[in-house]
Structures are given as C-alpha cells and as structure tokens.
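Think of it as A, B and C in the order they're written, each chain with its own count starting at 1.
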Amino acid sequence: MDKSSKSTTSSLYERAIRERWIGKGLLALISILAVGYISFNAKDSPSLFVQQLVNGLQIGFVYALIALGYTMVYGIVKLINFAHGDVFMVGAFVSFYAIDRYELHTWPSKVIPGIPPLLSLLIGIITTILLTMAVCAILAIAIERFAYKPLRDAPRISALITAIGVSFFLEYFGALQFVFTPNFITYKGPFTTTTWYINNGIHRLEAGTAPPDNSVLFSNILIIIIVVSLLLLAILQFIVRRTKIGKAMRATAFDKPTARLMGINVDSIISVTFAIGAALAGAGGILYATAYHQVVFFMGIMPGLKAFISAVLGGIGSIPGALVGALILCQAEVLSAGYISTPMRDAVAFTILILVLLVRPTGIFGEPEREKA
Amino acid sequence: MKLPQRSTMIFFGAYILITVLVQALISFGILNAFWSTLLRLGAVYAIVSLGLNLIYGFNGQFSLGQWGFYAIGAYVAADMTFRWTQQGSASGLVILLLVVLLVGVSFLGVSWVLKRIPGLDPLSAFALYLVGVFAAAFLAIMLGRVLIDPASSILKSMPDALATQIVFFLAVLIAGVFAAEVSYLFGLPILTLGSDYFGIATLGFTIIVKVLLDNSDTMLGFEEMKGARGMIGIPKIGSWLWVAIFLLVVLIVTRNLLQSSHGRAIVSVREDELAAKAMGIDVANQKIITFVIGSLFAGLAGALYAHINGFLHPNTFNFIKSFDPMIIIVFGGLGSVSGTLVVSFIWILVLEGLLRQVLPEGFETWRFVVYPLLLLIMMLLRPKGLMGGTELPYLRQILPPLRKKEAKPEEVAKAGGD
Amino acid sequence: MLDQQVKLESASSPSGTQKPIVLDIQGLNKNFGGLRAVKDFDQTIWKGDLAGLIGPNGAGKTTVFNLITGLYTVTSGKIIFKDTDLVGIQPFEITRMGIASTFQNIRLFPNLSVLDNVRIAYHPHAGYNFFDSVLHTQRYQGMEKELTEKAQDFLSVFNLQDRQGETARNLPYGEQRRLEIARALAAEPELLLLDEPAAGMNPREVAGLMELIHFIRERFNLTILLIEHQMRVVMGVCEHITVMDFGEVIARGNPEEIQNNPTVIEAYLGRGAAALSQRLSEKRSNVA
C-alpha cells in the first residue's frame, strides 16, 4: 500500500472505520444526553443531587460485597451463580432472626455484667455478623457440593439451569407459610439510627424534627457500611494477594488442570472461593437489612443481578473491578431513579450492561482480548 | 408431482384429526372454557419453545430473550386489534404495517451499505441500523396518517366478523415480524459476544422490555396499554383453530428448515463453531438468521396469547417466567422438536391444570418449589431430556438410502481402507 | 535465535518447470501481546506441491496455519493466494476461495452423521436459497438430492459410504481422521492444509495415510501443505520442507538435505546430537 499516493479523504475514511468513529459517536451522543438531562435537573436542586450521590454510595458498597462473590466464582469455575443473590437474602434473614428475634447481639452484656454498653454492642454486632457470614458460607459450600460439583464436567447450560433451580428453591422455600412469610418483614435493627445533615456544616438531626431545606442527609449506617465494606475488602485483598490460599485460588482460576498438577486441592479451593463469596454476600445482607429495615424472600433477585452487572462492568474476575463497577452502577441507578422514575433504574442498569458488553466486554479492569478473528 | 412420503401423510393426517376432534369437543361444550384455554395455551407455549429450541437447541446460542419477544408480540398485536374493535380505528394496523415494511427496507438498505464497508465494528454498524430504523419509523408514521381513513373504510365495508378476523390475522403476522425486526437490531451487535455474555444480555433485554411495558402509558404514550395496571379489552378471538393452524405452520417451517442444507449449517454452529467457519459457513450470519426466526415465532406466540387471554399484564412477562420455555426445551430434549412439542403441552396441562386441581390452596406458592425440584431432578438424572435423541418420524431427518453404485476397485484400495 | 539460516535454493523450484504459485507468504509476523510467535515467515508454494512444515513443539507451525486460514489476525505481512491478499478476510470466505484445512485435534461435528459432516461442506454451493428450504420447493428437492448423491459418492471414494448414518463421534479414530480429510476435500479446495494428520496413528494406519495423501493429490488436483512430527510421513510424502523453530524459518530443502542439516538436528535434538551427527557423516564419507 503506497500511502503517499492516497488522498487525505480516503485515509480519513479508513481511520474512521478503524477507530470506530460511528460507534463512538453513538456512545458520545448517549452520554451527552444523559449528562445533560441530569445536569439540567440537578441544577434546580443541587442538594438533592448530592443526596442522590450519597444514597448511591450507601447501596454501592453493599452491591460491591455481593459482586465480589460473583466475580470470584466466575473467575474460578466460569459459572454465573444465579443463586448468589439468594445467599445475600439468607444473610439478611439470618441476621433478622439473630437480632430481631433472639437479640443475639446483646450477648456480651448478658454474659459479662458491667461491660460498657458501647463495647457490648460492638462485640455483639461483630459476632453476629461473623455468625451470619459463617452460615452463608456453609450454605454456599453445601450448594456447591450437592448441586454444582456433580455437573462440573457437564455442558455449562446444565450448571446454569441448576443454579437457576437452586435460586428459585431458596426464594420460594422461604416464602412458604411455615418457614417465613412471603410478605415484607420489618426489621428493627440492632441500634437506633443517628442521622446528620449537612447544611452550613454537619449537624445532628434531633429525632422528631425535620431537617432544613437544601440539606443532605446521611446516617451512621452509611459510615458503618463504608467502614465494614472497606474492611472486608481489605481483608479479602490480603487473603488473595498475600496468603498461600489466595495464591492457590488465583492459580486455580488461571488454569485448573495445571493447578491440580501442582498439588493444589482444586475441590477445596473451589469450596473456599464459594464460601468467601457467600460470606461477603451475607455481610452485605446484614448491612442492607440494617439500612433499609425490611427483609422479604425475593429481595435477592434484583440486587443479585445488579451485582452481576457491576462485576461485568468492573471486569469479571477482578476484585477492585467489583468495587468500582458497583459504585458506578449504583450511582447511575440512583440518579435514574431520582430523575427519571423508579422502575426505569432497572432498565438503565441493564442498558449499561449491554453497552459494556458491546464496547468493552472484559470490563474496566479486564484486558481486552482481540487476538482471534 | 411426487406423492409425499408416508410419514408426512401420517403426520398431517393425525394433526388434522386431532385439531378437528378438539374443536368438536370445544364446540359441543364437552371441553369447558378452562380446558380449552389450557390446550390453546399449550400450543402457544409450544410455538415459543420451538422458537427457543431453534435458537438454543439447534444453534447453540443460550438466549433468555425469548420472553421479551413474546411480550412484544403480545402487546403489539393487542394494540392493533384493540384499536380496531374498541375504537373502530385501523390506525394501529396501518401504521404498524408500514413501520414493519419500511424498517425491513431500511435493514436491507443498511446491510447493502455495510457490505461496501468491510471491517466495520459491530457498534458502529448498530448505530447505522438505528439511524435507518428511526428514519423508516418516522416515514411510516407520516405516511400512515394519510392512509388510516381509506383503510378503515375498506374494512368497515365488510361484515363485522370478517373484518375482525382479517385484522386479527394481520395483527398476528405484523406482531411477529415486528418482534423479528427488533431481534435483528438487537441481535446484530450482541451475537458477536460469547455464549455466557450473550445469555446475560438477552436476560437484560427481557427485563428492559418489561420495564418499558410497565411504563407503556406514561413513557411510551400508549394510554390504552395502561402500563403496570394491565391492558384490557382485547378481543378474545384466539380460537383453537387459529392457534392450531399457526402451530402447524411453525412445525412445518421448523422441520423443513432443519432438514435442509441451511438446517445443517445451523446445527454445525452448535457442534463446533470453529470447524464450521473452516468449512466455509458464515457463522455470524447463521446465528442472526436463526435468532430472528426464533424471535419471529415468539412474537407470533405472544400475539396469539394476547387474544386467548383478553388482557395483558406486564407481570406475565417478568424475567422469572422467561425461564419457562428454557425449562421446557431442556426437559423435552435440546434439539428435539417432538420433545418440545410434547413437553409444552404437558407443562401447561399438568402444571396449570392438574396441579391446580390437586393442590388448590397453597398451589401458588408450592408450584415454585415443585418447578425447581423437577428441574434439578431432571438435570441430574436424565440430562438429555424426555425424548433424548428421538423424534417423531415426520419431524426426524431421515438419512437417504445409499446409492447402488459400484465403487471402482483401485479407488477403494487407494483410499487407505482399513 | 539461531544465527545461520540455511536456504537451499534448489528445493524451491521443484522439477524446474514453471508452475503457477498457489500461495505466497511474505514477511509474516504474529504477536500475542509481547510474545512473537511467528517472525518474518516466508513461504512459496507451487501448484501440485506436497510441502511440509516441521519443527519442534511450540515453533509456531499451527500458528502459521491459523494465520493462513484467517482464524488468527495477522500482525504484519502478506499472504497472497491466487493474487489476493488473505490478510483481513474472514475465515469462511477464505475457505470459499479454495483453502481447506484439518485440525490438530480432530474437529468433526460430533453429534452429526458421517453423511451430514460431508454435506455441510457443500452448503456454500448448495444451489438453493432460504425460501427454497422452508418451502421445500422443487428446486430444493432437486438440488438436495444432487448434493446428497455427490456426498455419498464422495464418501465411497474414502471407503466410508457404509458408515454414512453413523454418528461421527462413534467412529474409530482412524476413520474419524479419514472423514475429516474427506470433509475438507468436499469443500473442493485448491490448497489443503493438514495439521498433524498422523497424530495418534499406529504404523499401519500411518502407511495408509501416506498412500491417501498421494492419492488425493492426484485425484483432486491438489496442493498440500502438511504439518507433521512423524518423520516417516514427512520424509516419505513431502517434496520440499520448511523447518521452523521459535517462530522463525531455520532451514528449507528436500527431505535428504533436511535430514542431514545440522541446524535442524540441533533444533530437535540439541547441540550434542548435532555434533554427533556431524562426526558420523564425516566418518561415512571417509569410509566411502
């Protein structure tokens, strides 16, 4: 090809094709419309806009915890675990029983008299969270052993359908009258919420009073969610990057047969991965229930799917990706719920999914794979 | 003209016989409305599932989008007949007919243009198609406004019942093609993704459709659809006869297609995509064609469903129910047309019919425990499905007899005979 | 990696007559991220050649095949087939242009019958369109019958006609390989790429395969390029051979030249063996 003899218009045309201008133009158009629409509405009430962002942050971290389970399991067995969202639901329910029904979080003050109430609360809650995470982990291990493991060599569709079956089963079994009720259950929570509002500085909101106009509200729940999530994430990152088990997990995800040849007990590692993912989802369940004071048997479906989208957005198989993806997705959701309409947020979430799959299927932190034809 | 094969004649004979028999039972009141509805619903589910079987069982593409196209077909057809029967207006019919025709033309046009731009990425191609669709739709609406009155008067000049039947028939066809066109637009970029991501994207599609339907009166501006409250007033003219005819056509088309070279090409994509490419098969094209046909069937089924039920509610189309056709084709045996056919009817008759009689209370909640249990049992015990690898004779591809040819001795020897 | 590149010119124009060039690869490069799998690969193949591509495992031979058939994207270079550069063309189009290939691990359509595996090869030239299929028109019936008879005749050439109804994955290994080759040939190619066709075969089967390769070249007027590890096949079948190592060409020549080429021996067996071979051939020439 003799470039010098080509006219500038035809090489411009070639560039347009190679660098996908038309497609990028479409994306640019959509982004401009979205941003424009939001800014237009946000302009009227900036505090409302910031409030949305704060709300999005709160749910974003919870979704991140769920997304981690999806991303880790997919990375290691290439299965989209449809039942994962229901593990989240189980976590919420377990904590409901523990806290609302049996008040397990008060055990320190019952066992050790004279313990300062704040310390008792702290220890009680931490142990409850750990208990919930343990229950979820055990559940996940059981599911893996009984439903997924037998189908590990079967075509992927069988495992997928089984996952769907397990998911349905968990949801509707819980809905049967004699286990739980199919209705929404209010959840008191282990402590009272303290709310602050930002309006010329941070002030505490007294119970029974209304905040002044144009203030942004947040509660101690938000702080707790962020702290707990970041803590769990840090622990996870430590496990995956710095421990032998983490190395084994990464090896198995990379190349299972070779990992086996290296002496790694692949079955155990897979169970461990499921367990960790489930534990995180369970923690997410408690946090969610504490924040929104409601549990219901089908609460796991949508968060599960949204968490999956977050994982894809961030790059499936990538741990930081799960967090980033979840935060971005939740912001988008919350903004569409606020400025368009509440049902639309589902449509927006899935549209984002489709756009990600079209533009960069490996996600934000994934590597693009363009080797084969 | 050659006399058709024996198995063909048996099949057709049996089908016609059963159709007439059922119709007689209905007309004489032996089968009450409940059972008649179940049978028709079974046939509708058969059509949807056959479409999915084509896409997944035969072409190997795991799609959860079938239900979304089912929904689209239902609402689109319902809108047309609603406007005719309730408002005396052929507006829905005319405009949608024009939309469907002009969008089809735009697809042809854009693909002609794209052939001259090799190497364009999927997203950009999609953008071009989108532009074409908008242009076509706009044109269709402009043109349609003009043609509504003449069309209405033509229809009004006929006897009422005949006009309604004509509108119904056209509505079903148009709805099917509409669903097929949406599937083409959606499928083009999405089918380039790998199998897992394709499945999730189609799931997303179904969810988006449902959300749009929930907002059909507010956001999309179709007040008669009444959004999340459900659309009522659809004429219940989805009779057994119509349903049986459509099912027969779908069966014939499926069977003919699968027994031809195109059918083999479709299946080769499932068997080994790489090898198929190496054999000169345009895999991407095969996938999209199969996807479009499967969605066409889903649209037809939805349209029929709307007219059996008389009302539509977006909850019917939520994505959880989208697993129904998937479960049906797996139970029946992926890649088995007969299996899908049989299991569709069993599914409806047993689950909606018998189970409802046997467990009247608590049925609603228990069945969602029964479904997944059945599913898990089936997956673990008989993964090949009910009918595994067998088919009814007419539907099965029969291998042709060997030609009586004398193989030349030296060729046989040289061909490295074992 | 290796400093010497031994090019034996006599190998490149067999029998001296001017035959048309079927495939001309120039400066072919393929990078997988940082890994240079194929470096500056050149190859010319004339009509009717039986050419071989050999080298140790990981040398890049299958990669070259995949670049030719379009399954991998070319990083740089040209692949000229009958005056057209194949770079950037879709795999299925390349096949339709006249290049067919078989795979290292047999890739039949496992659940389809033997006959169907072959019939699929005829799909691009089936002679009827979509609507004919759906409506089972006269044209469909006529063309389908023709197509089927053609396929059956084809199978009988390979002695597989009695197996036409068998599911492909139930065939014994040797027959599967034969079917794969038959299927590739049904696409009526001019150039056939065979990737390790003798893999997994016992000596008797290998002998049969070698006969088969000669037979199909004659019968179907083919040009064949072959990757193989079994030296018996390479030396017994190929007329000229290209040797690769670490993605580069390290030697070319006819079988005899390659067998005695120290660079080639070193690549396969190491420096010690090459030195040994050198001393042995010196001894031989001393004795003679």
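One rule holds for everything that comes next: a contact is a pair of C-beta atoms (placed from the backbone, for glycine too) under 8 Å apart; a residue touches a chain by one contact, two chains touch by 3 or more.
Source: prediction; values computed, not measured.
Novice: By CA centroids, point me to the most central chain in this structure.
Specialist: That would be chain B.
Novice: Quick one: point me to the chain whose Cα centre is farthest from that of subunit B.
Specialist: The most remote chain is C.
Novice: Where the CA atoms of subunit A average out and where those of subunit C average out, how many Å apart are those spots?
Specialist: 50
Novice: How big is the gap, in whole Å, between where the Cα atoms of subunit B centre and where those of subunit C centre?
Specialist: Result: the chain centres lie 43 Å from each other.
Novice: Could you grab the centroid distance between subunit A and subunit B? Build each centroid from C-alpha atoms only and quote it in angstrom.
Specialist: The separation of the two C-alpha centroids amounts to 35 Å.
Novice: Return the residues of subunit A touching two or more other chains; collapse runs of consecutive numbers into ranges.
Specialist: If we look for residues of subunit A contacting two or more partner chains, we find none.
Novice: Got the subunit B residues that touch at least 2 other chains?
Specialist: In subunit B, 119 touch at least two other chains.
Novice: In subunit C, what residues contact two or more other chains?
Specialist: 71, 90-91
Novice: Which residues, counting only subunit B, touch subunit A once they are in their complex?
Specialist: 56, 62, 117, 119-124, 126-128, 130, 189-190, 193-197, 199-201, 203-205, 207-208, 211-212, 214-215, 218-219, 228, 320, 323, 326-327, 330, 334, 362, 365-366, 368-369, 371-373, 375-376, 379-380, 383
Novice: So in the complex, which bits of subunit C are touching subunit B?
Specialist: Going by the criterion above, the answer is residues 69, 71, 88, 90-92, 95-96, 100-101, 103, 107-113, 115-116, 119-124, 126, 128, 130, 132-136, 140-141, 144-145, 147-149, 152-153, 156-159, 161-162, 164-165, 174-175, 178, 183-184, 187, 205, 208-209, 211-212, 215, 219.
Novice: For a test of understanding, state which residues of subunit A touch subunit B in their complex under the given definition.
Specialist: 17-18, 20-27, 78, 80, 147, 150-151, 154, 156-158, 160-162, 164-169, 171-173, 175-177, 182, 301, 305, 308-309, 312, 341, 343-344, 346-347, 350-351, 353-354, 357-359, 361
Novice: Inside the complex, what are the residues of subunit B that reach subunit C?
Specialist: 2, 118-119, 253, 256-257, 260-265, 267-268, 271-272, 274-283, 289, 399-400, 402-403, 405, 407, 411-412, 414-418
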